[in-house]
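Chain naming follows the written order as A, B, C and D, and within any one chain the residues start at number 1.
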């Protein structure tokens, strides 16, 4: 049994090969530290800027099912805030967060080696046709609110260009989105999870990491929600209203 | 029911009053974003440096009970990584993480107004005497490994001095540690959770926030552990060894 | 490291000293099995009837914060139903479930040996006076809906009488309730958690077990809620309504 | 928004259409209550005996990854036992518990109407051939320890025969196991999860319910483990041993 994450002795603490007090504290910001955890090395300045932007994008989405689950949990166990965050994380599954890793997987399968010659428009057409033939949803496309464009996508790709990471995975995913819109005859914007999936590929991340980005980001956001809940609670009101409405048809009418 | 966390329309996403694409992405690092979530404003440069250092300190502690719980959970449900992180967070309770908020509470109660005149050495003596009289543990003091000094504490206070946040809560907690060592006649170093508790007070944070810092930081660290577990697993070996040893006395000897 | 819970070999499976196929399956109901897990022995017929009634009481309470948290989690991760149950359990803390153990603790402290001579009415008066003097809530008393009586309490004590377990802890808790009502001058019915706390004492259970009864019972109820959620969902509607209302004051008016 | 689970007024509590004090408490055991939650009706005597046996089978498996995760969580947050149970449940995913629902799904797809004429041996051959052709694991077959037979399977089918529920799904799953053993040329016993999958089909349960049976059963078992952990702890020892071994190669040798 071996782990490379870290070790300590009486006077030393080493994380991923770096001295925590001397080489990390005061030098790495929280996003850089996350990058170190995931890759085993500190990011360069451009990587740092892009990676921080990717994770920051995922921190806060207002009142989500996950934020509500955390707040309702906190109502019953305010002494165990960690468990309320845990409850909120439990719902970050296939429906809302899975599309990031799904998109990265799709792109890696289509383009295992980003430097090999490839006809990107043809790849995009084939991917869209395949998904349509199997009636599969294209991960990372479409958004219930942000139409015709997800405002995060353009900004993330802008930062990718500024940092030198706008590459063929970004190109490919945008071609897929355009082809999907053409084939479907309706607005199917590349959303933030799709953009982050493509950027994860540009950074060479394992697709498994990408759900993790959403999980760590949302943990931060959930702590924010719980602090607000402790000051301006909504969970009890949510509960009482739903309880009343949902059981109204069962109760005897007086 | 009201929440100030954020809102969105078709073409806008606003978090804590700031335009996410235009004012946050590419401008705030992940620690700054956490600061925004907790306080509703972006940190100044000095706040950013100190706050990032505080949270970064809490990300990685090697193989902890929490990391093991996450890895054992991942063994049974690799398709639900979010639930493995959640399982790891569930153990961040009174034993390992609670001392940060306990320390902050103790300091705020002793010194509700950091600018009011106060005899800090006398306060420290009274706090230590009170805890000893009630046989209560002083939160944030002592460490099983890091003796006679926790190497993170000195570095965090150094950063606090560099950023102008080394104030009376830091002074007081160090006086408490010195007095506690004197009274106990043994090494009781101010540990990282105690230092972070004091720094939380310097930043004016609600003590409830401080457990949250540990929770968000550890969520990042747990994603790192799960990525390593997916590549170099240890959970199955842990399980099989413990299972065999723990039930050995029950099994019939052949 | 030793555990007495169970062991197995190629052809045998033994749980708490009993052969699972031969001595447990088809012979113990689920409540009896829970009793075996907690005590290391199978219950007698009267114990079985009372214990099953106690746990059954705690299974289903309609739409609770815990049920809502589970349903909202399921909305995001339907492929991980276990995590949705886990999310629901995370909220079973001090506010809703803690009163059972609090009541048992209070009774055990007042009456460590149920056979020793004691003036129960005097004990009840002292307990109520103490709690009132310290402005502490008496655990297990009062209910927002079930006034002036909790209909479960009478039935549980009836079963306790039928099975020979209505003893001095039951007497004492009812005296406490009567005294508390008298002192407060308002309805403070002994609720189901208080009754179950007292019955736990009659059965000689460690007070720590009692939160566990609520946790195991609610896990069963949560599976029921998630099955209903998979057929007649409400979580998405809850989310969308709360999201709209809570952020309405922030959005620009057109 | 509607839920049929239950409702209450000042003097009434109704669960799934039954009066909780009058029609449930003292009359239904915990397994019957679970049956009521899942189906909306109370089980007949034979259904009760079989269903209780199925769930009881899943309660306790000694030291599992799930039990270890719960114990390690309890070590850090003993004040939040509910969160330790939650952590243990989070790992009940595809690897250990998913085979029950997988088996039921396979059987329902092969035999949607158990009364329609069908050539069961031919069905079994086709299912085994299909899985082998796609290199898919047959859910519910094989066991690392219980060879050549899982002792629970025979007993569960015996109870199914005694209660009149041994039907064509049981026959089919046993034919599949025999055919799989023949094709693989090695021992592939029908294990308890496979048997319970088939019995779930005999009872007409939605396959989604079946993971739920494991989840509710294990919640009971986890409470048992946590009670033992509170008395005879092993988690700290597990942690310290793994921590030392896993980081030994990193630490400087003196």
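Heads up, the rule we're going with is that a contact is a pair of C-beta atoms (placed from the backbone, for glycine too) under 8 Å apart; a residue touches a chain by one contact, two chains touch by 3 or more.
This one's a predicted model, so the numbers in the text were calculated from it and none came from an experiment.
Number of steps on the shortest path from chain A to chain D, with steps defined by chain touch: 1. Chain A and chain C have CA centres that are 37 Å apart. Averaged C-alpha coordinates give centres for chain B and chain C that are 32 Å from one another. For this pair, chain A with chain B, the centres built from the Cα atoms lie 23 Å apart. Looking at chain C, residues 1-4, 6-7, 9, 62-63, 77, 79-80, 82-83, 86-87, 90-93, 97, 234, 238, 242, 246-247 sit in touch with two or more other chains.
Chain contacts here are complete: no pair of chains fails to touch.
Every residue of chain B that touches chain A in the complex is listed here, in rising order: 1-13, 15-16, 20-22, 24-26, 28-34, 37-38, 48-49, 52-53, 55-57, 59-63, 67, 80-83, 85-87, 89-93, 97, 145-147, 149, 151-152, 154-156, 158-159, 162, 206, 208-209, 211-217, 219-221, 223-228, 230, 232, 234, 237-238.
On the side of chain B, the complex with chain C involves touching residues 1-4, 6-7, 9, 14, 77, 79-80, 82-83, 86-87, 90, 242, 245-247, 249-252. Note for the complex: chain B touches chain D at residues 62-66, 68-70, 72-80, 83-84, 86-88, 90-97, 234-236, 238-239, 242-243, 246-247.
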